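In what comes next, chain A is part of two complexes: it sits with chain B in the first one and with chain C in the second one.
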Partner chain A sequence: MTKYILMRSFQVLPVLLGVTFLVFLSLYLLPGDVTLNLLGLAANEDSIARLRAELGLDRPFSVQFGIWLGRALQGDLGVSHVMRTPVTAVVLEKTGNSLILMGAGLAITVVGAALLGPLSAVRKDRATDHTVKTLTFLLASMPAYWLGLVLIVAFSITLPWLPASGMYDFITPGGLPDLTAHLFLPALTTAATSLAIVTRVTRAAMVEALARSHVTAARSRGVRGFRLLYGHGVRAILPTFVNICGLQIGYLFGSSIFTEVIFSWPGIGQQLYTSIIARDGPMVQGCVLAVALVFVLGNLLADILIRWLDVHRD
Partner chain B sequence: MKPIFKALTLAAALAASTALPALAQDKTIVMGIEGEPLALDPHTQALWLTARVVSNMYEGLVMQDLTKPGTKAPDVVPALAESWTISDDGLTYTFKLRGGVTFHDGEPWNAAAAVFNFDRIMNREAPQFYEKAFQQNTWWRQDVASYRAVDDMTFEIVLNTTNAEFLLRMGQGGIGSTWMASPKALAAVPNDDFATTPVGTGPFKFVERVFGEKIELAANKDYWNPARTPQYDRLIYRPMVDVSSREQALETGAIDIAATPTPDNTDYLESQGFKIVTGQLPTVYVIWLNLREEAMKDARVRKAISMALDREGLAEDLRLGQAIPAYGILNVGGPGYDEGYTCNGYDPEGARALLAEAGYADGLEIKMIWTPGGAGDVNMVADAEWFQRNLAEVGITASIEVMDIGSFFTMMNQGMQPGSSLLEISWGENTFNWLDAVLATSALPPNGYNSGYYENPVVDDLLVKARTSATKEEMVGNLHEIRDIICEEATFIPTHSPLGVVATSAAIGNFVLAPQHWPDMAIVTKD
Partner chain C sequence: MTEALRPPLAARFGHFARALPPQAWVGGALVGSFVLMAIFADHIAPFDPNASNIKLRLKPPGTEGHWLGIDTQGRDVLSRTIHGARASLITGTMPVAISAAIAVPLGLAAAWFDRAGALVMRMMDVLFAFPMVLLAILLAAILGPGLPNLIIAMVLVLLPFNTRVAYTEALSHREAPWVEAARALGTPVPRILLREVLPHVLAATIVYSMTIIGTIIITAAGLSFLGLGIQPPTPDWGLMTGEGRTVLNRAPHVATVPGAAIFLLVTGFNLLGDGLRDALNPGRQR
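What follows is the complex of A and B.
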C-alpha cells in the first residue's frame, strides 16, 4: 500500500511539470505582453525595453522557465507584474476561497448522489426513477452561466432570500452564517452537472449490483430493504462511487471559473480570468499550478481511497 | 490569514460571541467596478479604473471641479496650492501652498514634501527616484526645467517652454500624476511596494486591499475642505468583471453603485427604482486608416468611408442615446472641443460617387481590426458590425477581425500589418498626450500608436506649437488647425463619443459624471 502511494505520488510530478511548461510556453507565444498594459501612452521603444528587462521578459524562454521553476520549487511563485504583490500569497488565498466553494459543491454532489442514485436504482422504471432521471437530465443540460443567473433571479431578486455575490456582505459583514448564505447559490450552481453525472453513474452501478448473484442470494435469505441495499449493494459500488466523485474534484475546481465570475466569488477561477486579460504571466502560472495541483491531488486521493477499499474489501 | 483557516476562525469567533451586540452602524458605500485596478501608486498609475480609486486618496497642487456634467472642460480649482502666479514670459509658476494640511499619517504638507515627490519622479540623483514614475510622467515632465522650494510654503516650477495647459497638468491623473504622497511613507518602503500602503492628503484614507475582492477606504474626517469632506464613513470598491453580476448585486442591495450597466437594462433598472446617472466621457472613438494600403492612399476612398458611416444612427439606435456622434479629432471636455463641428458626414450617395471616381465602382474589400475593449465599454464589437452594414451599403465589403485588448495594443504599437485596412479605439484625456502619441511622426511604430503610418510635417509643427502655446486662445487655434487638416485629408475618422453610465440605488445622491474619467466620490451622499 505504502509503495503504491509513493509510486502514484511520484507520477504526479511529471504531470505538474508538463502543465506548467505548456502554460509558460503558451504565454510566451501569445502576442503582446504586460508591458504595454503597464506603460499605456508612455510606451515607446526605450521604455518598453527597460520594463521588459526589469521584468525579465527579454531573456530566452528556457532561462525564464528555468528561473521560474527553480523558485517555484522553493514555494516562491514570483511577483505579479500587474499587482506588484507576491503571487504565492494571492494564489493560496484564492485557492482557499475556491476550495470552500468546491467543498460545498462536492458535499452537495456526494450526499445528493448517495441518496438519489440508490433510490432510483431500487425503484427502477417506476415513477421515482423517472423523476430522478428527468432531474439529472435537466441538471446536466444546464450550463453554469445560465443556471447561475436563473437561481439569482429566482432566489435573490424575485424572492429576496439569498445574497448573489461575493463571500461576505461588505455593508454588514456577519461571519459564518453570512458565508453560508453567500455559499448556497454558487455551490448549487457548481454542483449541478457533477450531481447529475454521479447520480447517473451510481444508479447504473447499483442496478447492476442488485442483479448480481450474491444479492439475489441475500434476498433469498430474506434480507430486505435498507439492509439489502446498504449491506450488499453499496459495498459493491463503493469503488465506482469514490472514483467518480474523485474525478469531480478536479472538474468542480476547474469549472468554478464560470460560477466565480457570475457570483463574483473571489476564487482562483476569477483570479485566473483577470490575470489572463492583463497578461500577468507569474499570476497566470501560479493560478494554473494551483488548479493543476488540486486536480491531480484530487485524483490521487480518490485512487488511494479506491485501492484502500479494494484491499480491505474482504 | 489563510482563508482555509478563515472559516474555522470565523466559526470559533462566532461560537465565542453568539450574543455579539450589533455593531454601531457606520455608513458605507459599495461600488461595483468593471475590473481590478492596477497598482495604487499616484506616480505610476495606469488605467482609468486605477485613477478612480487613487483620486480619492491623493490630490495635486490643483484639481478639476467635477461637480458639473456636460461637454465643457471642468474648471481648474485650487487644491494643495491655495493660489499661484505665472510669470509674464509664461515660464515660471509660483505656487503658494495651502497651510494646515496634513497627510493621512500626520506628516505636514509643505514645499519640502512637494520637492520630495518631484524628486521621486524626475531626479535621478535622489534616493527615492523611481524609474517607472519617470517613464509614466513624460507628458508633463518634458516641459519642466527645474523646481525648488522658495520657502516653507512656496513651491516654484520653471518650464523650458510655455504651455497653456501646464496648470491643468498639475491636477491631471490617470497615466502617472504629480499627486502628492507623504514623504515619510514614501521613504519607509521600496518604491515598488508603495502601492500597497498609499498615504496622501485626499478626502479618503487607505484601509485595506484584498485582490479580486475589495479595496476599502475610510473617510478622512480631517480633510481640509469641508465642502468635500465625505458625509459617510467607508467607501468600498468591488471588482466585478461580469456586467450582469454588477446589475444583480445592485438589485439585491449588495452594492450601492454599479458601474457601466448594459444599455438594454437601464430602463428596467429605472423601473425598479434605481437611478441611472449619465455623463459625457472625455473620449472620442476614432478610426485609424492604414495609409500604407493601396486603397487607403486615395483621399477619395478615405472620405467615402467617413461618409458611409451613419454616426447619428449608431448613437441613437445602437447605443440607445448613450453616445453622441463625433466628427472632429478633439475630445469632449478637452481644449478646443466644439459640439457642433461636422465633417464628411453621412452621405451614402456621395460616398458611392467618390468610390466610383477612385475606380472602385465594382466594390472594395477591406479588413477592420477591432477589440471588445478593456473595462468600461460594454459592446464595442456591435459598433464594428454597425459600420460593416454601413459600408456594405456603399459597396465596401468589410471583414472584422477581433483581438483581445492586450494583443490589440501590441498590434497598434507594432503598426497595422499589410492587409489590415483600419482599426478603431478611443482617445481623449489628456488631449496633447494622445495627439502626440497618435498623429506625430515621432510616434510611428514601435515608438507610439501612430499605427496607420501617418506622416505630415505640418501637423508635427502644429502639435509642438499647440502644446507650447502661451495662451489658451493660441492653443485652441492651433488645435483647430490640426483638426481641420485631419478632416480635409480624412486620414483619421472620428465616429462617436460615449457617455459614462452608472446605476445607483435610490439612497445614493449627488453622484455626478463630469467629463473626466473619475467621479468625485467625496461629494456623494447616502440616505
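What follows is the complex of A and C.
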C-alpha cells in the first residue's frame, strides 16, 4: 500500500511540472502588456525597458520559467496588478471558501446518490425507479448557471426564504447558521449534475450487484430489506461508488465557478472570473494553479482510497 | 468484393433505426425541431431579433404580440431565442467534429508507435490535470472573445478526451487476430490502420461525440454567459442568460427563457446520444 502511494505520488510530479509550465505560459499568452499595466501614464520607451529588465522580462523564456517556478515553490506567486497585494494570500483564502462550497456539494452528491441509487435499484422498473431515472436525466442536462438562477427566482425572490448572495450576512454576520443558510442554494446548484451522474451509476452498479449469487444466497437465508441492501449490496459497489465520486471533482469545480459568479460566493472561481475581466495576469495564474493543484491532489486521494478499499475488501 | 456481400444501405439503416430505443426518437425529434428552428429562424421569428422598442422594456411574458416578453433593451425574447438556436447548434457540433478529426489520427498513431504514443498521452495527462471548464475559461481568456475563438477553445478542451477514446479503441485492436492475420500477410501498416482499425475507432469516436455534444453546448454557452464567448448583439442563449441576470428580480423571464432553451436542446442531444450508445452496445446494463 505504501509502495502504491509513493508510486502514484511520483507519477503526479511530471504532470504537476507540465501544469506549472502551462500556467506560466498562459501569462505570456494573455492579452495585455504587464509593463504598460504597471507603469500606466508614466510609460515611455525608456521606463518600459528599465522595468522589463527589473522584472527579468528581457531574459530567455526558460530562465524566466525557472525563476518563476523557484519562487512559486516557495509560495511566492507575485503581486496582483489590481489589488496590489501578494497573490498567494488571496488565492489561499478564496480556495478555502471554494472548498467549503465544493465540500458541501460533494456531501449532497454522496448522501443523495447513496440513498437514491440503491432505492431506485431495488424498485427496478417500478414507479419509484422511473421517477428517479427521469429526474436524474433531466438534472444531468441542466446548465448550472440556469439552475442557479431558477433557484434564486424560486427561493430568494418569489419565496424570500434564503439569501441569494455572499457567504455571510452583511449587517448581522453570524457563525454556522448564517453560513448554512447562504450555502444551501449554491451547494445545491454545484451538486446537481454530479448528483445525477453518481445516482445513475450507483443504480446501475446496484442492479448488477443484487443479481449476484452471494446476494441471492443472503436473501435465501432470510436477510431482507435494509440489511440486505446496505450489508451485502453496498459492499460490492463501494469501489465503483468511490471511483465515480472521485471523477466528480472536475464537474464540481466546473459548476462551482458558475455558482460562485451567480451567488457572489467569494471563492476561487469568482476571483478567477473577475481577474480575467480585469486582465490581472498574476492573479489569473495563481487561481488556475490553485484549482489545478486541488484537482490533481483530489484525484490522487480518490485513487489511493479506491486502492485501499480494494486491498481491505474482506 | 466485400461491398457486394453487404445488404443495401436502406436495409442497413432500417435495421439500425429499429435498434434505437424510443427515447432516442424523442431526443431526435427535439434536436430536429431546433435544427429546423435555426434554419428557418428568419421566417418563424415574429420580430427582428435586434429590433428594439425601448418603451416595452422588461415587459413580462404574455404581453400582446410578445408571448415570451421583452428583454433589457426592448427586444422580443421569443425572436431572440429562436435565432439563438443557430449559435448553440454551431458551438455544440463544430468543435466536436473538428476535435474528432484531429484526435482520430493522433490516437491511431499513439496506439501504433510506442514512443509517439507515450509522448502524446503524457501531454494529454497534463491537459487532463485541468477541470474542463477551467481549461475552457483560460483558453477563452487567452484567445479573446468571438465565435471562431470560442470554437477553437472548445476544440482544444475536447482534444484530450477524444484522443483517449481513439487511443484506447485503437490499442484494443492492435493484437486482434484479424490485425495479426493482416500483418502476417505482409499488409503495409498504413493499410492495416485504414482498413482494419479505423472503422472501429471511428465508430467509438462517433458514439462518444454524440454523448458529449450536450456538455459542450452547456460549456460553450457558459463562456458566453460569462462574457468570454459570443459577443452582443448576437442572439446567443448563454449571452442572453448572462444579460438577464442583472434584472433577475424585476424580470426573471429575460434570463430563464433562453436558459430553458439550452436545457431543452441539451436534453434532446443527451437522449439521442444515450440511445445511440445503448443501440450500438447491446451488452451494456441499461
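Here are some notes:
The criterion applied here is as follows: the second predicted complex is superposed on the first by the 282 of 314 C-alpha atoms of A that agree within 3 Å, B and C clash if a C-alpha of one lies under 4 Å from a C-alpha of the other, contacts with A are read in each partner's own complex, and residues count from 1 in each chain.
Heads up, the rule we're going with is that a residue touches a chain if its C-beta (ideal position, glycine included) is under 8 Å from a C-beta of that chain, and two chains touch if they have at least 3 such contacts.
This one's a predicted model, so the numbers in the text were calculated from it and none came from an experiment.
In the superposed model, A:Gly286 lies in contact with neither chain B nor chain C.
When the two complexes are overlaid on their common chain A, residue A:Ala140 makes contact with chain C while staying clear of chain B. Within the superposed three-chain model, A:Tyr273 lies in touch with chain B and with chain C [touch as defined at top]. When the two complexes are overlaid on their common chain A, residue A:Val261 makes contact with chain B and with chain C alike.
Put simply, more of the residues of chain A are touched by B, taking chain B and chain C as the two choices. Once chain A of one complex is fitted onto chain A of the other, the partner contacts of A:Gly78 are absent, as it touches neither chain B nor chain C.
In the superposition on chain A, contact of A:Ile171 is made with chain B only, not with chain C.
By the touch criterion defined above, A:Ala43 lies against chain B but remains apart from chain C after alignment on the C-alpha atoms of chain A. In the overlay built on the shared chain, the residue A:Gly105 is in contact with neither chain B nor chain C. Contact with chain B, but none with chain C, is seen for A:Asn97 once the two complexes are overlaid on the shared chain. Common to the chain B-facing and chain C-facing surfaces of chain A are residues 30-31, 149, 152-153, 157, 261-262, 273, 277. Only residues 14-16, 18-19, 21-22, 26, 29-31, 137-138, 140-146, 149-150, 152-153, 157, 204, 207-208, 249-251, 253-255, 257-258, 261-262, 272-273, 276-277, 284, 288, 291-292, 295-296 of chain A touch chain C when the two sit together in their complex. Chain B makes touch with chain A in their complex at residues 2-4, 6-7, 10-11, 13-14, 23, 25, 28, 30, 32, 35-36, 38-39, 46-47, 131-132, 135-139, 175-176, 192-193, 195-196, 210-214, 236, 238-242, 244-245, 248-249, 251-252, 254-255, 374, 404-411, 413, 433-434, 437, 446-449. Contact residues of chain A toward chain B in the complex are 30-34, 36-45, 47-48, 50-51, 54, 82-85, 90, 92-94, 96-97, 99-100, 149, 152-153, 156-157, 160, 163-167, 169-172, 175-177, 179, 261-264, 266, 270-271, 273-274, 277-279.
Those residues of chain C that touch chain A in the complex are listed here as 122-123, 125-126, 129-134, 137-138, 141-142, 144, 214, 218-219, 221-222, 225-228, 238, 241-242, 244-245, 248-249, 252, 255-256, 259-260, 262-263, 266-267, 270-271, 285-286.
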